[in-house]
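The following pair of complexes shares a single chain, chain A, combined with chain B in the former and chain C in the latter.
And now, the complex of A and B:
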């Protein structure tokens, strides 16, 4: 009896591996091989001059030297980070507030399902289309400027102004992603044991205090997850600024993100420099991913236990 | 409730997508299927089918040639039965057309016969890149046109597509001398006259041009629409190519003149701060515009300026020669049709132009030869094209004849015979300073210096940005030492 049970479970495991095959095949073909070849390409001089192929010639670390010291990569990294922050700060605040409202037992908001759908909707539109829409709205003779003129203001050339261009990209990222973040945070807030919140209220904590001392520590793993995934998304920011500035990253390349810069090299089929830049971006993303992994696998449960302890100690003290 | 939610969500999605669709009015399409050209008759002429491929692939960046081809080649019944013509259109911006074309040409050998490019269009800015490669055919020795066929063409249109060994690798139906198109009403207000001779007198040098700009500004007009309007009058009159022999970028004095003039115009408010092809620039050419004039070459006046000047687009196929009544009905009171005049302006220049190149490995050489002969060598066809479209075509005798023809006039230009001005200007065109990199460098120059004109950056930063963008696009180029 026992042995037959064992063999059954082994055969199930075999099926598990078989079902995993499609994933690994696709992963190897579309992710692993390109990844390895990117590393390989980054050591060669290899581009098209007109219809002539130059290279591939092995140049060692020359491409990395060019990317790190001869280009304005730090500037593009700064642009990327700044634009990401411009979008992320309003995003996290608005999402937090909405998540609390939607889950609040006291408010009992009506039509939350409807609102959840509406705030998620900008994310359903293609980023390129959304960007095109903003580009048309804020162009020199677009509706926004028409409105300004009609109200008696001077028209503004939004895309010739550094802050306006960066701000618009931030605004678009905010609009596209706050719905998604709200839903993630709601999941976190709903996961908090309601008895803890009730206990805090019975102890006389104000809603502000409950929020800071109970809700926030309890959803910390989710917050970290939201922060880091958004940061990875931010590092890869491309389509919105690309379309909005027509690929120029203007004015004065101040809205050029790192991936836009990468794209510039791909246009001349410069596999060497593009490869080196991709490897650098890969390392940045890998570090961030590692932090997420660490955070979710180790700190997560510990944190929960800690907060539970504190509450129980507090409760016991009274 | 659930159903209600779904309906609301669906409606919102629809509304959003509708507004997006409404915003895009891009006329360029990728892989345009031929309209009604798949005339596959059941009884094809045997001798043409035996050697020729069944599909003729033509690549271009807009539908200008497509329209001409459909009207004057296919429309004239010259397409043999059983051959399908397929146009592939990729927009020009940011080298997109060249990149797509390069990829297709590099795969030309391995492509199936029906996929092979047979004919493709190139612009002056990058013609050399293709001409000096093995991907184009000699139109005389390979394609089969004769010296006599092309003897009527403007010489410069052949020089531009002559490779380093002296073979002519392309042929064009148009010559593209440039003129200055001005708004008659504004000229009357500023100069007191709209007569082309007197306007030309007032604009014959850059100094005079500058004075008129000041006067126009005083009366609430702008002399030019944007930064790049006068660019070609400088960049196509340079004393050296963009690149020297070892691949360093050279900024010609004339380019610096453009930068200085444009900066001054911008600071003094003589232009409207637009960029070529943007919405503001197009609007400035229409009924609401307050801009004195535009530098435009042949195709620009009858293809672009006309399109921007009218409020409702002219119906397809309606021409002054084909259907005079319909043409008059469509144009009378339509925007500022008839409100423009043309003069030579302060400087002779050219801008643009399209050349037909036969692709190596083409399996339709006979047909390619026939299209080239009809569209670019045949004096009758070219005269008809000029009469119908007002475009300036590539036949010296035909153009000289039209320029002396008192009956020939452009309704769009208020009855002016612009061909005589073009014919005069075409003689002075010098294309000896082109390089294969012109398109990318011209584009980067305009984009990088926009920030300088706007006052966002100083001159040196703009120049630095220009070099950066140029070397990103062409990694084999270097900054000057």
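And now, the complex of A and C:
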């Protein structure tokens, strides 16, 4: 009797392994091998010079030296960061305000379901199509310039202008992500113990003070999470500026992002430099993820970790 | 009283302005998809035209842009992704949730660790390796990898922890149900709400995916919609019929919006489901 029970529990453990087989097989074939191969390629000189194939020759860290010091990568890193900030600052401010309004007991806003539906919608739109749309709307003969002319202004060549191009990418990132961030922050605000808020009010704290001293510290884990996932999304920024500028990152490569640059090397088959750049991007993402993990495991109450992870379904601020 | 009314008014004003900001580009898109090239060139109008059918017909008949095939390929990849990602994520979560085995903790930690690795950083190895497997210019590498979706897995696991009591599985075992049968006939139905939410998200992200497909797909036959849009962007713009340009964007965006409006209640709830679940 006893032995049969024991053998039964062993056979159940077996099912645990069996059910993991598809995930790990597919992960190894389609993700792990490519990742290892990317690292491996980064140590080899391997590109086309005209029609001549150079390499692959082992060159150690030479590709890393080249990509960091002899290319415009620092400029593209700066572009990526700047455009991300242009989208993120309005995003976090607007989302914070909306989250407070939607959850406010005093305001009792109506139609919040409708507004949430509307502001979340751009998040589901194909970024390639959305930026194609923005490009046609803001092109030299597009509807925006038509309106400007009709109102008596000079037409603007938006895509010849550095600030306008970067600003449009930032605006699109803002539109695509502020609804998502609002919903995340709302979950955080609703999770605050209402008795703490009431206590602050009884103590006569102004709403502004309550906000800074109670609300913000209470949702800090979620805020840090939103910040860092958005940053990871920002590092991955590609679709919008790629389509908007037709891959040129124009004007004068001032809106070229790091992934656009990676994409260029992948298309020109410079596998050494593409590999080194991939590894650098991998390390940046790994560091940010590690900080997220630290932040969540040390400070976040359990529910918050759950809700955060869930939301990462939609990733950061691509 | 009047101050609070003023506050409320300001809130609604801001919300309405933000909503307009979100919707206006789609409104312009719909307007221009109903207007002929010559009308669009003449200037903007807030009125609908009557060229919707003609634009649709023109873009579907365009020899340079295999739009119908693009829609078919996109649907195939997206539906495949949604089915594989949800089914196998529930299966993986079921393994971690239900069974006790030696490497369980390790497997879970590993999946959590790879969750944040973006596909772009291994794209180089991916395309070279797909070349060796003879999967270049194939739709398979666009949906098969979704069997291993760490984020969907995590969502399923969280849902399972609060909705699938171990007693249910024990009861099925008593009835002599095999583990695989229990999974398919008892666990999957319980997981339906979570599967629905994730099916939508995975479908949409596959539908919108551009980076990896643009590196894998070569032939016109296999192009998905985002690749066709990028192709249109790099074509000589002035030669193009703008009615068709808007119509192609319309076809890529509007079906998703329609589905979203129908299911928005579940989607918006799904985004923050973790915090609502208890």
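Here are some notes:
We adopt the following convention: the second predicted complex is superposed on the first by the 272 of 318 C-alpha atoms of A that agree within 3 Å, B and C clash if a C-alpha of one lies under 4 Å from a C-alpha of the other, contacts with A are read in each partner's own complex, and residues count from 1 in each chain.
Convention: a contact is a pair of C-beta atoms (placed from the backbone, for glycine too) under 8 Å apart; a residue touches a chain by one contact, two chains touch by 3 or more.
Remember, it's a predicted structure, so these values are computed and weren't measured experimentally.
When the shared chain is aligned, chain B and chain C each come close enough to touch A:124. In the superposed pair of complexes, A:51 makes contact with chain B only, with no contact to chain C.
Within the superposed three-chain model, A:85 lies out of touch with both chain B and chain C [touch as defined at top].
In the superposition on chain A, A:202 contacts neither chain B nor chain C. Look at A:61: by the touch rule set out above, it reaches neither chain B nor chain C. When both complexes are overlaid on chain A, the residue A:148 reaches neither chain B nor chain C. Of the two partner chains placed around the shared chain by superposition, neither chain B nor chain C is touched by A:93.
Of the two partner chains placed around the shared chain by superposition, chain B and chain C are both touched by A:132. Once the two structures are overlaid, the count of chain A residues touched is higher for C than for its counterpart among chain B and chain C.
Counting contacts by the rule stated earlier, residues 113, 117-118, 121, 124-125, 129, 132-133, 136, 139, 141, 246-247, 267 of chain A appear in both its interface with chain B and its interface with chain C.
Those residues of chain A that touch chain B in the shared complex are 47-52, 54, 71-72, 113-114, 117-118, 121, 124-125, 129, 132-133, 136, 139-142, 157, 160-162, 246-248, 250-253, 264-265, 267-268, 270, 273.
Residues 1, 5, 8-9, 12-13, 16-17, 19-20, 23-24, 93-95, 99, 102, 105-106, 129-130, 133, 135, 273-274, 278-280, 283, 436, 447, 450-451, 454, 456-457, 461, 465, 468-469, 472-476 of chain B touch chain A in their complex. Interface residues of chain C, counted against chain A in their complex, comprise 4, 7-8, 11-12, 14-15, 18-19, 21-23, 25, 28-29, 32, 41, 43-44, 88, 91-92, 94-96, 98-104, 107, 111, 114-129, 141, 144-145, 147-148, 151-155, 158, 179-180, 183, 198, 201, 204, 207-208, 210-211, 215, 225-226, 229-230, 232-234, 237, 242, 245-246, 249, 252-253, 256-257, 260-261, 264-265, 267-268, 270-278. Only residues 12-20, 22-24, 26-27, 30-31, 33-41, 94, 97-98, 101, 106-107, 109, 113, 115-122, 124-130, 132-137, 139, 141, 143, 146-147, 149-150, 175, 179-180, 183-184, 186-188, 190-191, 232, 235-236, 238-239, 242-243, 246-247, 259, 262-263, 266-267, 271, 274-275, 278-279, 281-282, 285-286, 288-289, 292, 303-304, 306-314 of chain A touch chain C when the two sit together in their complex.
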